[in-house]
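Both complexes shown next keep chain A, but they swap its partner, so chain B is in the first and chain C is in the second.
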Partner chain A sequence: MHVLFKPGFFSNVPVRHALVLGAIVALVSGVVGVMTVVRSQSFAGHALTDVATTGGAGAAYVGVSPLAGFLGGAVAGAGAMEFIGVQRARQRDIATGIVLGAATGLSALFLYLNATSSATTGVTQQVLFGSIFTVDSSTITVTALTGVIVLLVLAVVWRPLLLASLSAEMAAALGTRVRLVGAAFIVSMAVAVGLSSIAVGSILSTALLIGPAATALRLTRSLRAAIVTSCALGVVATWAGILCAYDSYDWDPSSHGLPVSSFIVGIVVLLYGISGLPGLRRRAHARNRDVLRTHDAHHAMPGSA
Partner chain B sequence: MTTTPANSTRAPVLEFDDVSLAFGSRRILDHVSFEIRAGEFTGLIGSNGVGKTTLLKVILGTQRIQSGDIRINGTKRTARLRSVGYVPQKVSIDADVPIRSRDFVALGLDAHRFGLRRRTTEDRRRVDELLEAVDATSFADARLGDLSGGEQQRVLIAHALVSEPSLLLLDEPLANLDPRSVQEIVALLHNIAATRDVAVFLSAHEMNALLPVMDRIVYLTGGRAASGTTDEVVRSDVLSALYGHHVDVLQLHGRVLVVAEPGTTTDHLPSHETLKVD
Partner chain C sequence: MKRVRGSSRVIAAVSATLLAALTLSACGSNTSSNTSQPGVINAIGAENQYANVLGQIGGKYVHVTSILNNPNTDPHTFEASTSVAEAVSNAQLIVQNGLGYDDFMNNIESASPNAARKVIVVQHVLKLPDSTPNPHLWYEPATMPAVASVMATDLAQIDPHHAKYFRARLAAFTASLGRWYAAIAAVHAHYGGTPVAVTEPVADYLLQAMGLHIVTPFVFQADIMNGVDPAPEDITLEDGFFTHHEVKVFCYNEQVVDALTSSIRDTATAAHVPVVGVYETMPEPGYTYQSWMLAEVAAIRAAIANGTSTEHLS
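So, the complex of A and B:
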């Protein structure tokens, strides 16, 4: 066991904080990510990470908490994208691109100002690659509460949102306010990205949002299973990444350790690659018969004489 | 082929009363009136671009009209009317989305409501019953994106019917289907209209596949509509008056051909059943 878990891993306070924070952001990203992939809004998700970067860098410059900066930036970006993209759905990509470009330009400015005006080093590192080992417990509390709010909002809009994602026309025919649930979702996505930014960094939060979800969608046949799988994969990747980073103090000759975000994202990408193996996907796409038989055994479908 | 429906004395499910709608100078509906009754299969026939989809959106309330009245089950239609089921022309479900046929049908029960109300045994029984009714039980647990066009169409119909609407609208459900699936879907919809007491209103640019089952027809061209039984509408004098120039209606081997005189443009005639005689 000691080979894997180096002495002190579980008694180390920063490690315990990191495990809790990592689990929270992985769960929120896991749920939001599934809907992001179903709605094909990965590009919007990526753009939100760029505005989160702007928010985080700006917050560091003016001396506000980075989490507030990430969340404020991402939510403002979501608002801007929704506002520009409102005219027609086809312009959604263009709206996203414009917001992304503007945000990246501003990030460069803020990071430059930080580097030249402040004596504190590592701001750029912290904004871009996160600070999972250095967050205080009050930030963790705020992250947990915000995450719960996001999940509650998603639970409220989930079914109308899902149908609107599959067929906006059928949703509208049922009386769903397609635009409203879409806006609620993009704000939820922005908050999820903001929360991940504090852990794995703003530019890597897309990986945590999209990676586990895309992996789960490949392997499952129902959305409920996809959400559970996505959350589980996210937590596994985050915790394994934290463990690797902790252990890496012993691997690195200079004993600085390696960045945790790289491990987390590396594991996420590895899992996605494994899920592409044909044998794993076959069950998810099995058409009937064998699937039906197991279903029948579980539910003894009424009405199917 | 067509018989006069026995239940024509019943109250109409849908009434169009002098409905008009224009986009700029282009008249889509010009004082259009017709009725649709429960248990009947009605075809909305017209060439591509004539405004069939717009007419269906008017019924759904997602497209406003400029004048006239629309009544559903005798009352003026209001927004969010749940007595209408709708299958749009184009639904593209990605194969990567893990949504099973039964999940999609269940969304017809509760996707208009906020929250994650737990689905009851009764809900599941209704979903199973609808899957059975459209003959989709064998792929009820397969991903929707893995199904063929005809199979997906069945699931969409089950979704639209699960809330027990009195009117089922389908926008070109037969386009992009192979001939065998066309026959199967037509037979299925005919059966649904007859056994579930639903008014089926289906748009198509080709009427021949529907001739054996159509109780009524609404023939739309140039903003004007003729309606009645197929025998009443698909006649030379009626369609000539509708088009504003002479057309012949030919019956050949159980198929109908609408033929324009030499020299007239046939662009606005329904495709596949027109002959240009030059």
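So, the complex of A and C:
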């Protein structure tokens, strides 16, 4: 037991906060991530991490809580992408790219202003790569409440969203408000990115959003199983990363440990790599058929008859 | 078509915001004025404590500019502006710390080469290797007399007519450090071995000179100094010094602040451990190098003896 869990792991307050926060973030990212991969919006997800960076950097500069900055930045970015026209497939990449560029420029400005006008030293590191061991309990409460709201919103729009992802025209014909559910989803994605920015940093939050979901979609047959697996993999990666960071304290006496976010992201990538092994990957075809069946089910719904 | 116009309006708004912000930020400047009369030596202290001593040695024959002088920013993350480059190109004598603390000076100096310009690197004056972990050399009591002596020699070479004047002022400066040394010796005699916690190595040389026992692991201090997250083990250890009342004083770097150091300070305050604010650069105005160092020693002594907090030197 002590070989795996160094003494003090479970009684250490920063570790306990990190485990709770990591689980919340992994659950929200796990659910949102599956839909992000199904809708092929990974690039939009990555752009949202850049606007979350802007929010985090801006929050550090004006002195408000980093979570508020990450969430505000990502949601504002989602609004901008939505406004420019992220819903149309052809304009989606352009809108995303424009928002991404502007956001990165503003991040550079805020980080510069911060370095030249205030005493907040580790800000660049904390915004980009996270600070999960320095999170206080009030941030955890806010994270949990925000996460619950996102999951509730997703539960409401899930089925019409899935239909719109498969065929926007058909969904519209069936009476789905495609634009509205798309907007609800991109805001949910922004909130998921904002929350995971607190844990692994804004730049790495895409890894937590896409990685477990993509892995789960490779391994499972049904979308429901993919969501459960995605959440489980996210929690496993986050907790194992926290454990590795804690244990790494003794690996090299000169450094007192390695950063937690590199462990978490490393484990996410490792899991994705393992899921690509021939014996495991085969099942994905079956799941694709499953998604198509959902589509057929909608197709057979009243209205199309 | 309507959507296209909408998107161009957004781009225009974003660009305008960026431009306005850039213009505003360009108006700020880190250097003080750079006008000087003929016959006066243009000198730079990369940190304002070195600039202050330069001024004390050079007196009326030196015009001194400081680069790092804002007590509300962290010198470790300083980014040089064009006004710094201009000041450096005009300077005949530069004093900088070295040990990676003000590497930006090297870049600017090599960008405007000047064979006649003298550069005093404090690290080299003290013959310290690059691997020296703590760059805050001005807190070490032996540093400034050695640096001031080199300043006087270099000033005399640039302006040999006033060599005697510079030597006299060097003697006066060195003598004036006596009160600080006496204060250090007094703390050492009365309170040597007292356990002290810190966030950062900024005042470590001074704390060691006073014979105080720094309990915070150096790796933790270096993490805070370098702006990376410390290990959770170290955070718990540091908090424990206060909650278990294992230290008498907490030295808090007022110029390297983040959510973590603030929460540690709150823990110290809640446990009634006195907090003493320490600084990277000399607080301005109202202090000389000597009076600043004396004030730090007095604040630490008051914390040990009476439990008094001095969060900010005023």
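Observations on the structure shown:
In the analysis below, the second predicted complex is superposed on the first by the 277 of 305 C-alpha atoms of A that agree within 3 Å, B and C clash if a C-alpha of one lies under 4 Å from a C-alpha of the other, contacts with A are read in each partner's own complex, and residues count from 1 in each chain.
The definition used in the following text is that a contact is a pair of C-beta atoms (placed from the backbone, for glycine too) under 8 Å apart; a residue touches a chain by one contact, two chains touch by 3 or more.
Owing to the predicted nature of the structure, the values given are computational and were not obtained by experimental measurement.
After overlaying the two complexes on the shared chain, residue contacts for A:107 are found with neither chain B nor chain C.
Of the two partner chains, chain B is the only one touched by A:38; chain C is not. Shared-chain residue A:206: touches no atom of chain B or chain C.
When the two structures are aligned on the shared chain, A:197 is found in touch with neither chain B nor chain C.
Once the two complexes are overlaid on chain A, none of the chain A residues touched by chain B in the first is touched by chain C in the second. Residue ranges of chain C in contact with chain A, taken from their complex: 3, 6-7, 10-11, 14-15, 17-18, 21-22, 25, 28, 30, 70, 72-74, 76-79, 217, 219-220, 223-236, 239, 254-260, 263. Here chain A touches chain C in the complex through residues 8, 12-15, 18, 66, 80, 83-85, 91, 95, 98, 102, 105-106, 109, 112-113, 115-126, 131, 133-134, 136, 245-246, 248-249, 254-257, 259-260, going by the rule given at the top. Considering their complex, residues 60, 62, 79-82, 84-88, 91, 93-100, 103-104, 107-108, 110-116, 121, 124-125, 128-129, 132, 137-143, 146, 156, 159-160, 163 of chain B touch chain A.
In the complex of the two chains, the chain A residues touching chain B come out as 37-38, 40, 155-160, 162-163, 166-167, 169-176, 217-218, 220-223, 225-226, 284-289, 291-292, 295, 301-304.
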